[in-house]
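What follows is a pair of complexes built around subunit A, which joins subunit B in one and subunit C in the other.
And now, the complex of A and B:
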């Protein structure tokens, strides 16, 4: 570790202030590695290269997700297609929705999938048999986003009808409806132990809810309120990554209500582009962009470490593999392909 | 959103908070705020048709306010009230139909082209422009579809254009010069089939070769899993046959007892003080003296067991010693499916079991060691020992049967997945382009067998 008292020109990221050090731990680093190896990992850049292109979708791909056990990649347009995560080989197609699918999510045991569709319902699928186990009806408009909780007995969904609903997986009943926002809800996410839900909306607010009681615990609002297009908890549950439609990604400490980091450089003014934490190697923030590239930022220094090009259209969704340094990205209507990228760090 | 904020160049208006007043703007009659027409989705024509206009905020805050139109125009979308009651909220039906082609996430975009969010009614304008722009782009830019999907996509694009243009095109069948039918790419069925056949011949062998050249990781993983499942199933089957052998050993032990011991000896009284020791019965919590404990325990357990019945409408088919009771009960029209040796209602001591003496082995040496000589009815130390042993063996057999069933189910699931992989249709529809062939993928550890039992709690 560089000496703090050394104020010569040999400045490296080791002399980072404590807030940034805390932010580096945001991605779930253990504290020992944060103090010992932080300088080395942060100054290294990642070298993601294109490994596979998966072709097969007939419409714009709206969601890509890796399974928690690292075996599968689920991609959705109107059909949900499952591919092998390591080699990109096609596995099977899951169909059943009447209209396009906006989001798909895996359960923690990688056996179940939930999909949110424009036909106002969500469907729970069994991966092995490709059958629909439950159809969750109740929303009155397009369902935009969905997620399982870590124990995979609950599903949370956000919809264009401005509400957030919590469903029970076993019975398929809606347990709670949260009158969350005054505009379409763009993202919902559980934190690491499933006790909190964060939701974002076009009305510019990020709200944090208590799962058990349904009470709104906190509302995050910035100086101006551009529509928030995406939000998720960090892997350790202390921070929130929010994407807004003014080409900005922000990392918030939600308990203090303060914005810690701002990531710029990409283009995001129209679509709800998904952002990710990459924690398998170096700590990166990964997001798609409307200029057809995938942007990778260093989580702590906020600089762009890599821009992956190759897509022919807006890169709407990206996903990070849970154990390996693999990124999956998918393009919209003009592109319709999914690209798998690998890196050494 | 207060109107107090002002910059040096002028006051800020509208939901986009800009100072630009050069564009068309409309003012709210309640809060006196001015909005750009294109920010909130009101055209000059619509503004002309309104008697008074209230902004979205005022409409929300004061439910009594209504936007009043000069003439009742049912065709005007903004006049129709949506599900929430406010006038600008409804997504017009055209936009909804456009949604059918792709999901709302990939086609909608956000509500406004300019950075001002709020009303959903704004969705319609930028989205329609977006759709039109994209379609035009597609027509001009047709060529860069991915190589694998080349034949199908260009064919589809060509059909679209021909329909739109209305011109008659040449049939796309191989070496065919006739005119294509309206709304079709071919002059007839034969050409279409011929083209499809050639496409298959062209594409399929290459795809099959690529598929087989590198076995999918999932395939390798599944075959490993399958071999493990088969091994476990074999182990379970072996334990089942072991159960049979244990039954036979028990039979021999009983036979030896009958041979060697004639008549029953009366039991010697136990060490003094033993009569006072009591144990609580786990079923009824009574304190039972040790000497009669075993008998009491069995009676208690049977009493509780006989309260419930457990049956199925078909008799079981077992190889070897019967496991289940299988007594037919006419009342419930079912066969009793409790363990035969422990069934409280239907167990009858087998004739061959009875002998005069207890016969329980007193040491670990069961083949030649001493056996208990006390009369069977009188022996309290080894009450019903043979029956308990049989029950133990049968419980193990039952467990192995259940495990076998689960393993069979998992094996079936794996085999089905392996069979459905790499089918001709999915090979044609999908392709994976490897940009670095020759790069070795890291070896993936096959996960240990998780029982892929169907999620019963959901079904």
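And now, the complex of A and C:
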């Protein structure tokens, strides 16, 4: 079994970190270490290696997410499973949806989860009791994506019914329906202060919405408009990362409506593969790929710094731990396993 | 759910399945003045009609109807069915949308042998190229359904109905031929009526004449824009004009447009 990342150059060859940078990295595998060694971070490569393979799902996994407090990993097929984030130890199963689940998300306090299902509902779960607190009904087709806002009093969802809905967590009521797109909505995400929502769709558009008024503030459009399979805000809220089904990831300055970076080399034409910003060590862009690998790019230089191999099928979802250089990835049908990878940088 | 792949474009035209609009979407607004790289024939005699229609053209076989800005082809397919013995050409400036129409025509011909051979779509900028395709008086129907309203005053010159363009339309339309317009934008409708009715070579049809034209109801329900307007409760405002003979034209020549 391949326990090492595919890029064998990462361990020994070019871009060997300076002593100071290495010390900083070793001292704390958390985000603040990066600031001491900024120039070296740009050229350093990561060295993710496989630490754990989690087996237990009987179907392919559609979503993996770390809890904000860094303790748990949630994974979903029709059932939602909770695992220890650091040791991969299975914790519990949460069940209740009647059909497949496409997305799962954590509240900011890591106490609640929300899941989006083909049964046209979302469900809000209490982690501690594994009970369903609320069922959010209203979408008229598969619910595909979901997220809490930072204050976690709201949930945003996107559906095959082409709309985006904003829900009140406490009451379970739909507060607003945005006629967001003319094709299935593939991703929805709040920005840092919850004032904006970004949505993406097969209709080729990314749209930015004002949470309070529901107004569309911006539509991002490129020369061509291939289906957009995923979008999210950067951690600092200034940029958005968008994946399109033409094997491309783009970083946009959405206020200027300009594409700043393009990442490619991976394969993505069929599935809504999740992409991530990794900011705990070096600044990377992380995405699964239809060639069964996890791709890692240097955010600034756009170079592929590592390709993680080991999955036996398409890698649909990946997640980055909030404080440690840990990546979780999950494969489709032929694989069904979840892998946890760790890096020094 | 997320585990299902979305079908790729490649799989569509292999089988005789109808193409899916989602893979051919392109934003509605397009700059008609930009130098799109478009092939255009230098004159009507050079047009490769058999190539465009992928069918044989017999003696006397001629394209009589043109749908300018045909979009996803709703009206074209209706014309194919209403007038199986006449040929209609759709002209569409957006590549992907034109590709969609061509794909759909191929698929419909395969599914219904002997039908839909009388329609075709070309990627072209009708504002510039109409007279490259059509001889004087060739057309008996010219359609402009839900054109871009170009709301801002500075952009009014881009509107597809304007004094200069009406002269070209009068050129390609034969006397007695009809110019059809439809829009859900009242201000644009007024503009169209004002300009076309004032033009010496056009006469607006009376309500009775409009009602008795079998194409009139089709102006509302065949196109994407028309159906969307209906869904959203906006009324369709049709305006149809007859190309009247030029009283001054005794020789049959009105100065060919090069």
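One rule holds in what follows: the second predicted complex is superposed on the first by the 308 of 345 C-alpha atoms of A that agree within 3 Å, B and C clash if a C-alpha of one lies under 4 Å from a C-alpha of the other, contacts with A are read in each partner's own complex, and residues count from 1 in each chain.
The rule is short, and it goes like this: a contact is a pair of C-beta atoms (placed from the backbone, for glycine too) under 8 Å apart; a residue touches a chain by one contact, two chains touch by 3 or more.
Remember, it's a predicted structure, so these values are computed and weren't measured experimentally.
S.K.: Following superposition onto subunit A, is the placement of subunit B relative to subunit C best described as a clash or a fit?
M.R.: clash
S.K.: Using the superposition on chain A described above, determine whether A:88 touches subunit B (first), subunit C (second), both, or neither.
M.R.: Touch status of A:88: first partner only.
S.K.: Please work out whether A:272 is in contact with subunit B alone, subunit C alone, both, or neither, and reply first, second, both or neither.
M.R.: both
S.K.: Quick one: is A:197 in contact with subunit B, with subunit C, with both, or with neither? Answer first, second, both or neither.
M.R.: neither
S.K.: According to the stated criteria, A:221 is in contact with first (subunit B), second (subunit C), both, or neither; which is it?
M.R.: second
S.K.: I want to verify the contact counts: of subunit B and subunit C, which reaches more residues of subunit A?
M.R.: B
S.K.: Should A:312 be classified as contacting the first partner (subunit B), the second (subunit C), both, or neither?
M.R.: first
S.K.: In the superposed arrangement, does A:50 touch subunit B (first), subunit C (second), both or neither?
M.R.: In the superposed model, A:50 contacts subunit B only, not subunit C.
S.K.: For A:332, using the defined touch cut-off, is the partner it touches subunit B, subunit C, both, or neither? Pick first, second, both or neither.
M.R.: After superposing on A, A:332 lies in contact with both subunit B and subunit C.
S.K.: Taking the two structures together, which residues of subunit A meet both subunit B and subunit C?
M.R.: 59-60, 62-63, 77, 99-103, 117-118, 142, 144, 182-183, 202-204, 227, 245, 269-272, 316, 332-333
S.K.: Can you list the subunit C residues touching subunit A in their complex?
M.R.: Spelled out, the residues of subunit C in touch with subunit A are 1-3, 5-6, 8, 22-23, 25-27.
S.K.: Hey, which residues of subunit A end up touching subunit B in the complex?
M.R.: 49-56, 59-63, 69, 71, 76-78, 81, 83-84, 86-93, 99-103, 111-112, 117-118, 124, 126, 128-129, 133-134, 140, 142, 144, 160, 169-170, 182-184, 202-204, 224, 226-227, 229, 245-246, 269-272, 312, 316, 324, 332-334, 336-337
S.K.: Which of the residues in subunit A end up touching subunit C in this complex?
M.R.: For this pair, the touching residues of subunit A are 59-60, 62-63, 77, 99-103, 117-118, 142, 144, 182-183, 202-204, 221, 225, 227, 245, 269-272, 316-317, 332-333.
S.K.: Help me check something: in the complex, which residues belonging to subunit B touch subunit A?
M.R.: 17, 60, 83, 99-107, 109-111, 113, 115, 117-118, 120, 134, 137-138, 141, 144, 146, 148-149, 211, 214, 216-218, 221, 413, 417, 420-421, 426, 429-436, 439, 441-442, 444, 447, 452, 454-455, 457-459
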